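For reference, the structures are reproduced in the following blocks.
Both of the next two complexes hold subunit A, though its partner changes from subunit B to subunit C.
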Partner chain A sequence: MSRTFVEIAGKRLSLSNLEKDLYPSYGFTKAHILEYYRRIAPFILPHLKDRALTLKRYPDGVEKEYFFEKRCPSHRPDWVKTAELRHNEGEKMKVCLINNLEMLIWVENLASLELHVPLARTGSPETPDSMVFDLDPGDGADILDCAKVAFILRDLLSKLKLMSYVKTSGKKGLHVYVPLNRKETTFEDTKKFSKVVAEVMQKNYPDLVTAKMAKEYRKAKVFINWAQNDSKKTMVCVYSLRAREKPIVSCPLEWKELERLAGQGAPEKLQVLHSEAVSRAEKQGDLFRALLVKKQKFPYL
Partner chain B sequence: MAGKAIWKGYINFGEVNLPVKLHTAIKEERVQFHLLHRRDHVKLRQQMICAYEKKPVPLEAQVRGFEVEEGKYIIVDPAELEQAEPESSRIIEVHDFVKTEQIDPVFLEHVYYLEPDVNAKGYNALAGALIEMNAAGICTWTMRKRTYLGALQASGNILRLTALRHTDEVISVKSLKLRKIPLSEKELKIGSDLINQLTAPFQPHKFEDEHQKKLRNLIDKKARGEKIAILRPRRLKPTAPDKLLQTLEVSLKKVA
Partner chain C sequence: MAEQAIWSGTISFSLVAIPVQLVKAVEPGRVSFRMLHNKDYSPLQRRMFCPEEEKIVPADEIIRGYEIGPDKYIVITDEELESVSPERSRTIEIVEFIDMKEVDPIYYAHPYYLVPSKGGEKAYQLLVEAMARTNKAGLAKFVLGEREYLVAVKSMEGALALITLHYSEEVLPDKDISPKEKESEAEVKSRIKKNIKNMMADFNPEKYANERRKKIMNILKKKAKEKAPVEASQVEEEEVEGPADLVSALKESMRKVKKNR
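Then we have the complex of A and B:
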């Protein structure tokens, strides 16, 4: 095993197998991955901060087996920050918190290509700071159909005085987020609200939308997965890489940019590569910043 | 002969043993519809529901029963049914020959064309003789666990086999006990004249199935223009956004 030692903020890291090609059909090594996360760090770190990370590790690359790891690996340097979570039956579990660059580089060195985090922070695990609509196309539908649904959602939410923000899932779908950032909001609220919205959407656009999880309902439709609004669920973090053929990023887009790209009628235009994600972020700043700061309140609830 | 034969057998009488292949002469091409759930157009399938418990009953829990009187059944198991099945055989056995017109059309069922199989010497001779003598061979055979009664005939130089109904399947006119109506010579003459005027060669193609044609037209039209269930809907329904908001507000107030 080849090893390289680096020092970040006074912390010494041992990086292994930097030359290993983890996206073999594209040609993207672990060194490339670390470089991507180093450059995107200023933008992704505020979104990872104090959230119980679920590692999705691809030790032999995206074409080989992967595994989820919720527990922070025990072979960790002593400076790795963790939080203690109470698991289902009161069992305690230590999770990794990615609060700085050295932590980010450390988990990426474990080939944790995808970073999944809950909608709440560890200090207040029952308080979601946003609500999400996970738009997932069934067989025969695509990301362009998701975009249609996203636009309707955006308009509908704005009429309820709720601003929403969109990112690509990095796979086939889109994620629409509504920042809340109020300590009074519970997952019960976000679940109730998103479920009603999903069901009303299904009723009004039966040819385009389903609010039901079962595969047979999802054919040629967009599934609005409202059930992601749960303290036990995680979403892929904004700016995380995805384990696909190419290093594609779950990337935020301005609404008018989504309109422009979707208008070209080509689903592949909505796949943002690592390099483009970095240049967009460096040019436009963090389009998801509102998720960190904007306070919004549900009407009626 | 184009197409795939559905069965092979031997025409057998006297010294004759003629290998033939059966081709069905009928195609069923009616417009078929699927049953879908109105709400989301998902395909529906059938299930056997217990009449008492109102629950679906799986295949392995189903048996066959013959109703002897209301609610009383004799249960037969698959092994018993198998015993009653006819012995499989490949012989189309000709019992007698009759004049073709003696076969009342009420008996006619399904028609098969017979293709000469390899070494079918005498196929042409048999077809020619049947036409010459205006005869039909009354025969029986077993095909797919069923015994058939049939008429072996020829048309052009092709042999054909028409499955006939068994006598107990045919309802006699007598059993209807129709009233006898007297008929005068004059009435008969008028009737015959009328028929003579309308006499034409048999041209079945003049008469199309208007209902099927209308159904096909309807479907063609829908497929071209309006959206139909089997096509993937690409366009949004023009629901007024204001109405959507209203519906949402009502629903939100309900759960609040």
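Then we have the complex of A and C:
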């Protein structure tokens, strides 16, 4: 195993197998991955901060086996920040907190290509700071159908005075977020609210939308997965890479940009590559900043 | 063979009728367990549970529905099912003989043995032998329980095996089964052989449609035309869930959104 030692903010890291190609059909080594996360760090770190990270590790690349890791790996340097969570019925578990660049580089060195985080921070695990609509196309539907649903959802929410923000999932779908950032909010609220919204969407667009999880309902439709609004669930973090053929990013888009891209009628236009994600972020800033600061209150709850 | 008979009757073809009993040929090697209550070890029972009403449904409230789509069913009654169920058969009537080589094992569903009943031993023996010699198997339709099966009767190690066959389409070659030589009366033997020859056919499973299934599907088709299927209630009920103000605000907003699109 080849090793390289680097120092970040006074912390010494041992990086392994930097030349290993983890996206073999595209050609993207671990060094490329570390470089991507180094450059996107200023944008992704505020979204990872104080959230219990679930690692999704691809030690032999995206075409080989992966595994989820909720526990912070025990062989960790002593400067790695963790939080203690209560796992099922009282069992305690240490999770990693990615609060700075050295932590981010450390987990990426473990080939955790995808970074998944809950909608709440560890300090208040029952308080979601946002509500999410995970738009997932069933067989026969695609990301363009998701975009149609996303636009209707945006308009519907704005009538209720709720601003929403959209990112690509980096796979086939879209994620629509509603920032809340109020300590009174509970997962019960976000789940109830998102479920009613999903059902109203289904009722009004039965050929396009389903609010039901079961596969047979999802054919050629977009499934609005409202059940992600749960303290036990995680979403792929904005700006995280996805483990696909190419290093595609779960990337925020302006609504106008999504309209323009969807208007071209080609699903692949809605896939943002690593380099494009970096250049967009460096030019436009963090389009998901509102998720960190904007306070919104649910009407009628 | 001390195995208990599942069925008894006669196996017949042409003018030969042999009294036989049907017994299991395999015993699944599965170890089965009873589910017990850990508090008092009483054996537990299965009950039908209605998730909508959250209660156990008594037998007289349970009906059958054929699912034609999500939450859409055609209801079918016990009488309708009974009307298409075949009569219990007393004979296994061999309608034709086929070459076992033509029956791919993929068709084999479940094996049984036929054992001779009193007085049938001799004729049984002759049939076994003739079948082994010619490597032919008899095809028959046979009702066991509620269902009509297509079965192959063939000789196996000096006995007759009855194998229920799947109703299906593909035919692939099969291996021989080794014949066994035994003394017999030449005259009867040649007669049986001739009969077998006369009734020879190629194995053509499409010829044997599953009649009951066909009839049930016909009833369903007819019913689907005559009246609308019943629907599970959950779609509607999910709709009204949620705070009333929110639901009505969403409906009102949705109207505006739709108008602007």
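Following the convention adopted for this analysis, the second predicted complex is superposed on the first by the 301 of 301 C-alpha atoms of A that agree within 3 Å, B and C clash if a C-alpha of one lies under 4 Å from a C-alpha of the other, contacts with A are read in each partner's own complex, and residues count from 1 in each chain.
The rule is short, and it goes like this: contacts are C-beta pairs under 8 Å (C-beta built on N, C-alpha and C of every residue); 3 or more make two chains touch, one makes a residue touch a chain.
Computed from a prediction, not measured in an experiment: that's the story for all the values here.
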Subunit B and subunit C placed together on subunit A: clash or fit? clash
In this superposition, the partner of subunit A with more touched residues, subunit B or subunit C, is B
Quick one: classify A:204 as touching subunit B (first), subunit C (second), both or neither. both
Task: Answer with first, second, both or neither: which of subunit B and subunit C does A:216 touch in the superposed model?
output: both
Should A:80 be classified as contacting the first partner (subunit B), the second (subunit C), both, or neither? neither
Quick check on the superposed pair: does A:193 touch subunit B, subunit C, both, or neither? Answer first, second, both or neither. both
| message | Quick check on the superposed pair: does A:113 touch subunit B, subunit C, both, or neither? Answer first, second, both or neither. | response | neither
Re subunit C stretches 98-106, 152-160 or 242-250: the one overlapping subunit B is 242-250
Subunit A residues contacting subunit B in one complex and subunit C in the other 152, 155-156, 159-160, 192-193, 196-197, 199-200, 203-204, 216-217, 299-301
Touching subunit A in the complex, subunit B uses residues 39-40, 42, 227, 232-233, 236-237, 239, 241, 243-245, 247-249, 251-253, 255-256
The subunit C residues in contact with subunit A across the complex are 70, 238-239, 241-243, 245-247, 249-251, 253-254, 256-258, 260-261
Subunit B partner, complex, touching residues on subunit A are 140, 148, 152, 155-156, 159-160, 192-193, 196-197, 199-201, 203-208, 210, 216-217, 219-220, 299-301
As the complex stands, subunit A meets subunit C at residues 152, 155-156, 159-160, 192-193, 195-197, 199-200, 203-204, 211, 214, 216-217, 299-301
